[in-house]
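Let me begin by presenting the structure, written as structure tokens, before commenting on it.
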Amino acid sequence: MKKIINDPGNVVSEALIGFAAAHRDLVRVNFGPDYIVRADAPVSGKVAVVSGGGSGHEPLHGGFVGVGMLDAAVPGAVFTSPTPDAVLAATQAANGGAGVLHIVKNYTGDVLNFETAAELAGAEDIDVSAVVINDDVAVEDSTYTAGRRGVGGTVPLEKIAGAAAARGDDLAAVTAIAERVIGNVRSMGVALTPCIVPHSGEPSFVLADDQIEMGIGIHGEPGRRRMKMEPADDLVADLLGPVVQDLPFERGDQTLLMVNGMGGTPLLELYLAYGIAAGLLEKQGIEVSRSLVGNYITSLEMQGMSVTLLRLDDELTQLWDAPVHTAGLRWGM
Amino acid sequence: MKKIINDPGNVVSEALIGFAAAHRDLVRVNFGPDYIVRADAPVSGKVAVVSGGGSGHEPLHGGFVGVGMLDAAVPGAVFTSPTPDAVLAATQAANGGAGVLHIVKNYTGDVLNFETAAELAGAEDIDVSAVVINDDVAVEDSTYTAGRRGVGGTVPLEKIAGAAAARGDDLAAVTAIAERVIGNVRSMGVALTPCIVPHSGEPSFVLADDQIEMGIGIHGEPGRRRMKMEPADDLVADLLGPVVQDLPFERGDQTLLMVNGMGGTPLLELYLAYGIAAGLLEKQGIEVSRSLVGNYITSLEMQGMSVTLLRLDDELTQLWDAPVHTAGLRWGM
Amino acid sequence: MSGGCDGPGVAAAIRAVAAAIADQHVELTRLDREIGDGDHGENMNRGFKAVVAKLDADQGMAPGAVLKLVAMTLMSTVGGASGPLYGTAFLRAATAVGDTDQLDAAAVGAALAAALGGVQARGKAVPGDKTMVDALVPAAEAAQGDSVAEVLQAAAAAAHDAVATTIPLVARKGRASYLGERSAGHADPGATSTAVILGALAEAAKG
Amino acid sequence: MSGGCDGPGVAAAIRAVAAAIADQHVELTRLDREIGDGDHGENMNRGFKAVVAKLDADQGMAPGAVLKLVAMTLMSTVGGASGPLYGTAFLRAATAVGDTDQLDAAAVGAALAAALGGVQARGKAVPGDKTMVDALVPAAEAAQGDSVAEVLQAAAAAAHDAVATTIPLVARKGRASYLGERSAGHADPGATSTAVILGALAEAAKG
């Protein structure tokens, strides 16, 4: 394992030091408990949008703190949910009096820790509502599992919920918009290589030289099946097919197409994959009206990608287009 | 080799198809010869800034085409300079009548192909001036080599030259600004792992599990020396030391600090490294007034990083801050 | 417990647990790598190290206060799924023992039952889901005896045996559930850490 | 040349070069991986394949026109350092032979000298820098004889021998120069491709 780190136990806090230094115009970082808030938090009278989860998925979530997106993010240890006290502290720091929306990815750890934090925040008279994103169609049988995982859809969810809060929606309205995103977004990912969690020092799984893991989560959790590596045309079709069928997306739908890298795949390959996905959608009469290509929700240095499709209506499109200024996503300002 | 590609011979053109589709609001892509231009090119009366080089360094250069940065980019095959006819075609497409600046990274291939293209453009009465960026301090002996390579400094160079052109500077002035950036920017990089060029299928070099290549170029060309992997504190000091000493940067200098990933290193590690570099500079009284952290000039899936330091004056700072809207760098609009 | 079942005795037993977790954390992480995300040992070890630091700082607490301190510390340092689950377990145990100065066999049995109730309330897992519940249920059932030592011994033995019973199970809760059939053939990390914790408590109680 | 030294003969010889490059491209790339960026064989093969496609489309050119077509095609398809260098070499050779219909020994010698001049004008390399110049200089010097076949035979032999002399050299131009001392011990890819090209031309000239 070769990583640009010092002590594996300090990776997250040392990275936060760097993040704080690089983005002092944008964010403030609190250490112990660790959280990141907008530099101008709390924004009085605005609903605050707070998310969090294990580290190692950067830019998610800290890279999405700023104007028009998240008010605060709570980074746990690498691939480990943050603890309720940290979520509570971030919730308090972000709360501008209009309530706080928790955006939680559907992993048992995230759900339990955010639930506990919400109870604690309630006890302090902070209005908290929570949405759980579970867009990973790779999990076929949600009755016999912990349910579908939250993956790529988290990025447009945080952007759009943040925009709704920025335009002045109240907590119920921001929550409703967030639920609308969750209802209309689906994703699936594939891993070409594993990643190595710093404190573990061992690959999260082992793949043969010609093997891939189809339907991977964002922590190297296994997917639907191991299979032989295949050409990009087939690979993208295998990812996009289940995504389209699940909602299902239909002829005439307006969509946001996001092709996301898992951290170790060159942008060149992501654009190549985007071209294939866009072509397949065009053939089905599904219109791609917005797009996002790059590394937005990653698994450390894992090679691989995910495809996310969000069905847009006019309001969601407007909220997606609204100005945003964060370390990881910026436009209009 | 597991890559998200179809035929290794078509990687660049298939990626260009995806790039064109994802950014149709921003760019137009020409195929055969391949180049990328601003959607609204040529911008009449504005100096055009054109760059290019082998592919595999994305987002450089195509990801920097747009308002306030490059007017056109010419992507060669992976790690192979583009040919003069392609550079000429891009130059013609970008030329708005006020002349064209070629930004060339100092590699023999890039220099020779751009030189030939400039001769051809001259024969067609297009005013071309060229700057050659050679910021890589890892090349110690430039008399007995092809000279210092152009690496990370290319990114602020393209941004700042593009901003000078956008504010209406004439060709001589844009060229002078570009030379000022080149005179004040220094970089050095390190590879933790090699990368694999698609058509070659073999790693560009081989490193032991605990070995790194210090002073690497952006194509897997070897660096100053092979050495044992070391903690991030030492690694960053080993990169930053030669960079600071070379110019030299001095107490009181205002700088832009860029920590760049080679493509396969997690953002978490890049921020960690940024924190270390910023701390070391602070100790030396060198002020970091602007920063950039992320994957901007990459070597496919190589793990590793580079540090770039640019001495800023008020004008360079203003030009850096000026609005830019490209796929890879965006602010102020 | 070596120092009896007063506050210091409970604190000493918790230190024994921390030592056992430190000892086993590589193995717990290895198990979690097989069917999870490879952090369970690290998570638990981080948590119990923090517990020991707090115990060092604050001595002379009653049993319930010690358990509550463990609960709050695990909750705020472990993270992941196991953090709130073990946190809730210790919190319910603390509530169950109340402010008594001295634990007896009945109190320990009641604490274990309360802990199990807390884990199930939070995590919604039932026996057979391949989670720590599969170790806690037989442990709570077996927690009978005339002395604290006997109760814990019985619970620990039951938890220990339960670990092996999780091997053939297909996970239906937690991260391992995403493996589906592929989760069979591996012991559950959380059930294993439950056995480690109860084993250390039982050892400590023997004195 | 099998078809003589008229235009079709030169075109046939160029096709032979393309075949030889296709044959050797993996080895050329391997050499470039050792001291460069591992694309030289790919670059040259892409270029000469394009040349063959153009020759297929446009038959019946005079020798100079064939050489100019090779030059322009290499220039626009090879890329890298070798593209403009070989492009310039063939362009200067084309200029040197002018619009004659038939090449003789002297014309071939002059073309080779012109090619060398072009490479040096563009690339500024001198002998000993570990580049294609190290094969071109001895080839141009050796290019003597009574027939085209003899001239090319001599040039090819000299270039062939020169490849080995590049092995101990420390590169001072091109990408290999960044290796410093580490570039010694490997043959230069461009010198090798020069030997391949001249070797194929000489074979073709033998008929």
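Chains: A, B, C and D, in written order; residue numbering restarts at 1 for each.
The rule is short, and it goes like this: contacts are C-beta pairs under 8 Å (C-beta built on N, C-alpha and C of every residue); 3 or more make two chains touch, one makes a residue touch a chain.
Note that the coordinates shown come from a computational prediction; the quantities given were computed from them, not determined experimentally.
Path length between subunit B and subunit C in the chain contact graph, taken as the least number of steps between touching chains: 2.
If subunit B is disregarded, contacts among the remaining chains split them into A, C | D.
The mean-CA centres of subunit C and subunit D are about 75 angstrom from one another, to the nearest whole unit. A separation of 32 Å divides the Cα centre of subunit B from that of subunit D.
Centre-to-centre separation between subunit A and subunit B, using Cα means, comes to 29 Å. Not a single residue position of subunit D touches two or more of the other chains.
In subunit B, the residues that reach two or more other chains under the touch definition are 78. With chains as nodes and touching pairs as edges, the resulting graph is an open line. The full set of touching chain pairs reads A-B, A-C, B-D.
Residues of subunit B that touch subunit D in their complex: 33, 54, 76-86, 107-109, 112-113, 115-116, 139, 141, 144-146, 149, 197, 199-200, 202, 204-205, 217, 219-223. Looking at the complex, you find that subunit B touches subunit A at residues 2-6, 11-12, 14-22, 55-56, 58-59, 63, 78, 192-193, 209-210, 212, 229, 231-233, 235-236, 259, 263-276, 278-279, 288, 291, 293, 295, 298, 300-301, 303, 305, 325, 327, 330-333.
On the side of subunit D, the complex with subunit B involves touching residues 29, 33, 36-39, 42-43, 46, 75-85, 87-88, 122-123, 170, 172-175, 177-180, 182.
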